[in-house]
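Below you'll find the structures, each written out as structure tokens.
Presented sequentially are two complexes of chain A, the first with chain B as partner and the second with chain C.
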Partner chain A sequence: MSSRFPRRAGFAALALLALVACEREQRELRTPPSGAATVPTIRVGGIVPGPAGALPDSIPTGPAAEDRTSPYEENAYAISEGKRLYSWMNCIGCHGEGGGAIGPALMDQTWIYGGSPANIYATIVEGRPNGMPSFGGRLTDDDVWKLVAYVRSMSAQPSKAARPGRNDDMQTKKSEQRELRKATNESSSPDGTRPQ
Partner chain B sequence: MPAEDAGPRVSLIVRSVAVALALGFVAVPTSGQSPRDGDWPMASKDYANTRYSDLAEITADNVSTLRVAWTFSTGVVRGQEAAPLVVGSTMYIVTPYPNRLFALDLAQGGALKWTYDPKPQSSSQGVACCDVVNRGAAYSDGTIYFNTLDAHTVAVDAATGQEKWRTQMGDINIGESMTMAPLVVKDRVLVGVSGGEFGVRGWAAGLDAKTGEVAWRAYSTGPDKEVLIGPDFKPFYEMDRGKDLGVKTWPPGTWQIGGGTVWGFMAYDPELDLVYYGTGNPGPWAPHQREGDNKWTTGVFARRPGDGSARWFYQTGPHDLFDWDGINESILVTLKLGGQDRKVMLRPERNGFLYVIDRATGEVLSATPYGFVNAAKGVDLKSGRLQPVAEKEPQVNKVVRDICPAAPGAKDWNPSAWSPRTQLLYIPHNNLCMDFEEQGGNYIAGTPFVGAKVKFVKGRGGFGGLFTAWDPVKQQKAWELPDEFPVWSGALATAGDVVFYGTLSGYFRAVDARSGKVLWQFKAGSGIIGQPITYRGPDGQQYVAVLSGVGGWAGGVVSGDLDVRDSTAGNGWGTAAHDLPQRTTKGGTLYVFALP
Partner chain C sequence: MIRRLGAVAFAVLAAACGGAPQSPLNPAGAEAREVLTLGAIYTALAVLTYVLVNTVLVLGLRRRRRTVLPEVPEVAPAEEDERRLGRKVRNAAIVTALILAVYVGATWAVEAHVTSSPSTRPITIQVTGRQWWWEMRYQDSVPSQTFITANELHVPVGRPVVMLLQSEDVIHSFWVPALNGKKDLVPGKTNRVVFTPREAGTFRGQCAEFCGFQHAHMAFDVVVESQDAYDAWVAAQRTPAPPPDDSLAARGQQVFLSKACPTCHAIQGARAFGSRGPDLTHVASRQSLAAGTLPNTRGHLAGWIVDPGRQKPGTRMPPNPMSGEELEALLAYLEGLK
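== the complex of A and B ==
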């Protein structure tokens, strides 16, 4: 029993190798519905063609289902690690501290390529055509998910208990006063002076 | 231009001269004036970078009646920094990314003649530090030359819009992009690279105008042979002399990612056969990561256009501390100084000083603050060195506050204009201070290499910018006009003694060149950061044109939809430009004005 099993496994491995070795000729005989396998929720479009409810059960819809793809959504330690990586990997150079610069703002509610954890993961790994570099292969999967968790925290998606504090170093006022300033921004005086 | 154009052109000139005489204007000829004085063949109008036109139909007396003649939408709502070109009866405009080139028929009220689309890589938008701008094209000998954001130089037939050649000059994967307007000198197309915030090793290059082959490339850092420094290199100051300073004034190896990019306006003196251009900031911004003078960043080069060989260099900012690029334009003029005529260049520098430099030798004759400066004590004319103020020097992980001027300088890229009639330099510029925190940067090719956090605020007086008329002989301002925001447009001077500029909030203004009185203004669709020009149309009339479309570094808050709750948004503008989204929206429209 114990001696036969490895032999059988060896045959299976050879057969598999034979199949895999002919990469060019490889065929998928039963193709899964798109998006159902490893990357379940990379859905940037808001329109899903066809009758409602016709999606296979395996394709998650709705935020709760999407969130399960992120291992660190409410993990304070991972989010703070993500914040460190955000600086180290120079994300900060393009997106600032969430306000954006070369790249878009991340602290607002606008997501060009989708704001679910899986969307953000894909954006970081794959890059995007209008300038977002592809970091695939430059970071471990784990680190990407930490970055995802931090990026989402900028627009207050995870609960406040898990979010790190915003950087105060460039501020001249305490954060309580900044909240006030934010509120009065909309009605700043016409001569352009900023309420302090 | 085709030969058949010569006839109508001559008659136009005759007609306009007759008009000028009839109206009693005195034509003041300037050196190097081409016969096509009604044209605008390069971004700065002429090799001396004056942006001064002899056209004098529009005057202080009649400018109040100026009205829109026609408009054109560029179809791109990003920062429009370009100068339109006018050659004969055609206008040429190059847009921000995707860098389309439009030819407009001036005889048909600006109707579109043709479009050339260079199709730059869309990923190049990710390596453009300060919006996806382009500063314009250059015309020479039937050809339009310009650069694309993905670092190609292209030549397009001015009559047909057919591509003549296209040369890849850089690689976006290491952060190289191109935004400057080329300068064409004889058979050389002179261009340079952008990307000082990406650890790019800066360079300028001369291409063969006929074939697009790279004749020379001169780096701004590294060994002398790659900087094209040879036996004829004679810098005026001791600090700029020595072998391989582009290597020795850096920590080992860091010159390879040291910046010194070339993206401003070049100038050319035909008598000395010297081309002048400035080099950008060293990288990263964090100064403790690059101890030393960081040659040949933040200074001005004089080179032979034919082979690129360096003749002199002067470093306006040895070991730059604050991103004070040396790329600002050099305006070549002759001034009466100490009783004799001196061939000088005027440089309104980012660091806040207006330099008058002997353009044959590189000797600084004077350097006077034209804006508020508290981060430098002055320029020591003996050593040529900028004198820093110790308490404003960056420290690692400490926020140093109230550094004036801010990183965009007392003036950024946006070019000044010189009127030989008033002998004044018209400077559109900033009134900004900043808080600066040095943190240190990681170099990852193709990503920003800055290593500092900055926050700009409006400067003394609570306003963001100024339009200043400067007397370089008296070394003082003649007058100035404050503005709510930094003045990020170019300036235009005319023989009608009217000067023009635009504001970030979208006003295009005509100002009396002598008194500074605002004579006329027009509210454009979007903020103005373009370079105004004037030209004589096929009907013999004088026109003024400017692109409206907010953006660039200062206007990126609007063009990039940034969130100003982050005070560092847009690499520093979250505070100083926080109210700009309440004043203007995105746009991309050419406005052309004429008298009724």
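== the complex of A and C ==
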């Protein structure tokens, strides 16, 4: 009995440690108003109003977008919220389900205005020439970051565990099952030739 | 003792439900009354069965046994005993079948009636469940007479109402206990529930299928009123929002349109066309805010606009920080949307 006791205590301590070690993903259900400040200034171009002759040394860049870091890069809940906003804000209207249509595709590795979270943030807030509207002032800071996280998840940048599941809607990408079935059908075609 | 406590608890619960605006024991519609009758039949029969079975059991236990055992054990039971037992089993089976037949018959009769199409021309309302509020669209054969409201139904006494139930996101369930049973709102499917209100009053409805963080805060009011009051309400709902009547309200409209509000909310007559959140054309005429979460007062409205997540964590409405002057003006404008 006396020899068993320390072993039991050891197991109990280990179990307790295992429980404590489980870190649950933080779901931010409430953004405090102070953290939700909408972006006040939107840079629309290099031309800035000001007194004549007083040219600034450098072009002001509005909020220092490049200094911002994404708070939601690996947060599954925030990415799924971003997915909701992606359809609510009608991003689908131009970018489709990531494959692009009127607007450029978002699921490839090509980024016209940069693919870092800070670049995507700036693109959403400021808008871009040839059709991308500015969502600054229409979305809170927090919601923009959720969208950024989702847009990056389309090109598989966050880990798979954090990315949202496939949609029920029509997809740009084929589902894994269809890809698999196609591959097996091809390899077992009756005449034994592979399609060119 | 435990049984007595149980009875007391049941009585307290029943008393708490009686007279409440959200109770099937306090029906205000033709269908809910039938459902209550069905419940009464079930309860009465179940109590009767329970009493009968226990009586027979007690009688059986008390009956004196044959004390003297026969010297030679009986290998085959006596013919007469066998027949008597057979009769008893048969009688018990017949009574059981009769009870079950009453259950089935009563259920069929009530079910057929509470789900049947109304014979007179009904009011048709399309309800869309969203996380976590209700959109009510009053349909009309003339498209311009259709109007949208949120979290509040008005219906006249005595006229059947057909609700067409749809969902935008997950499964919800439409339940006004005082008017009819519950019915699920399933994405991609249109379900139907019919009720005919018989008493005037305000009754509470509630989402009855767990649908996420704020499932408990997804309620609505059903105002049953006279035909005249209903007609007046409908006429008011069909009109677009009036232009702001003073400079403060005009400033408020400007705040509404320049902030993020019109991204999700619509106000007919004010160039706000968002459809992700409730239509606010007549928001001041409603009894509650945020799907039955808060009473519709100036203070609650202000708190809700600035920090909705405090009252409803997880809500889709983002916080809207603004200056005191802007908020004052916005409140003045929204309060004018009767």
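Here, the second predicted complex is superposed on the first by the 104 of 196 C-alpha atoms of A that agree within 3 Å, B and C clash if a C-alpha of one lies under 4 Å from a C-alpha of the other, contacts with A are read in each partner's own complex, and residues count from 1 in each chain.
Assume a contact is a pair of C-beta atoms (placed from the backbone, for glycine too) under 8 Å apart; a residue touches a chain by one contact, two chains touch by 3 or more.
These numbers come from a predicted model, not from an experiment.
Enquirer: Of the two partner chains, chain B (first) and chain C (second), which one does A:Trp88 touch, if any: first, second, both, or neither?
Expert: both
Enquirer: Based on the superposed arrangement, let me know which partner A:Lys160 touches: chain B (first), chain C (second), both, or neither?
Expert: Neither partner.
Enquirer: Which of the two partners, first being chain B and second being chain C, lies in contact with A:Gly137: first, second, both, or neither?
Expert: second
Enquirer: Applying the document's definition of touching, compare chain B and chain C: which contacts more of chain A?
Expert: Partner with more touched residues of chain A: B.
Enquirer: If you stack the two complexes on chain A, which partner ends up touching A:Gly100: first (chain B), second (chain C), both, or neither?
Expert: Only chain B; A:Gly100 stays clear of chain C.
Enquirer: Counting contacts the way the document defines them, which residues of chain A are shared by the two interfaces, the one with chain B and the one with chain C?
Expert: In the superposed arrangement, which is not itself an observed complex, chain A uses residues 88-89, 138 for both chain B and chain C.
Enquirer: For chain A, which residues are in contact with chain C within the complex?
Expert: Interface residues on the chain A side: 29-34, 36-38, 84, 88-89, 137-140, 142-143.
Enquirer: Considering only the defined contacts, which chain A positions touch chain B in the complex?
Expert: Going by the criterion above, the answer is residues 87-90, 92-94, 96-105, 107-108, 110, 127, 129-133, 138, 169-172, 182, 185, 188, 191-194.
Enquirer: Sort out for me which residues of chain C touch chain A in the complex.
Expert: By the definition above, chain C touches chain A via 213, 258-260, 263-264, 276, 306-307, 309-310, 313-314, 316, 318-321.
Enquirer: Spell out the residues on chain B that touch chain A in their complex, using ranges where they run on.
Expert: 122-129, 197, 399, 401, 435, 437, 439, 441-442, 444, 446-450, 453, 455, 458, 462-464, 484-485, 556, 560-571, 574-575, 578-579, 582
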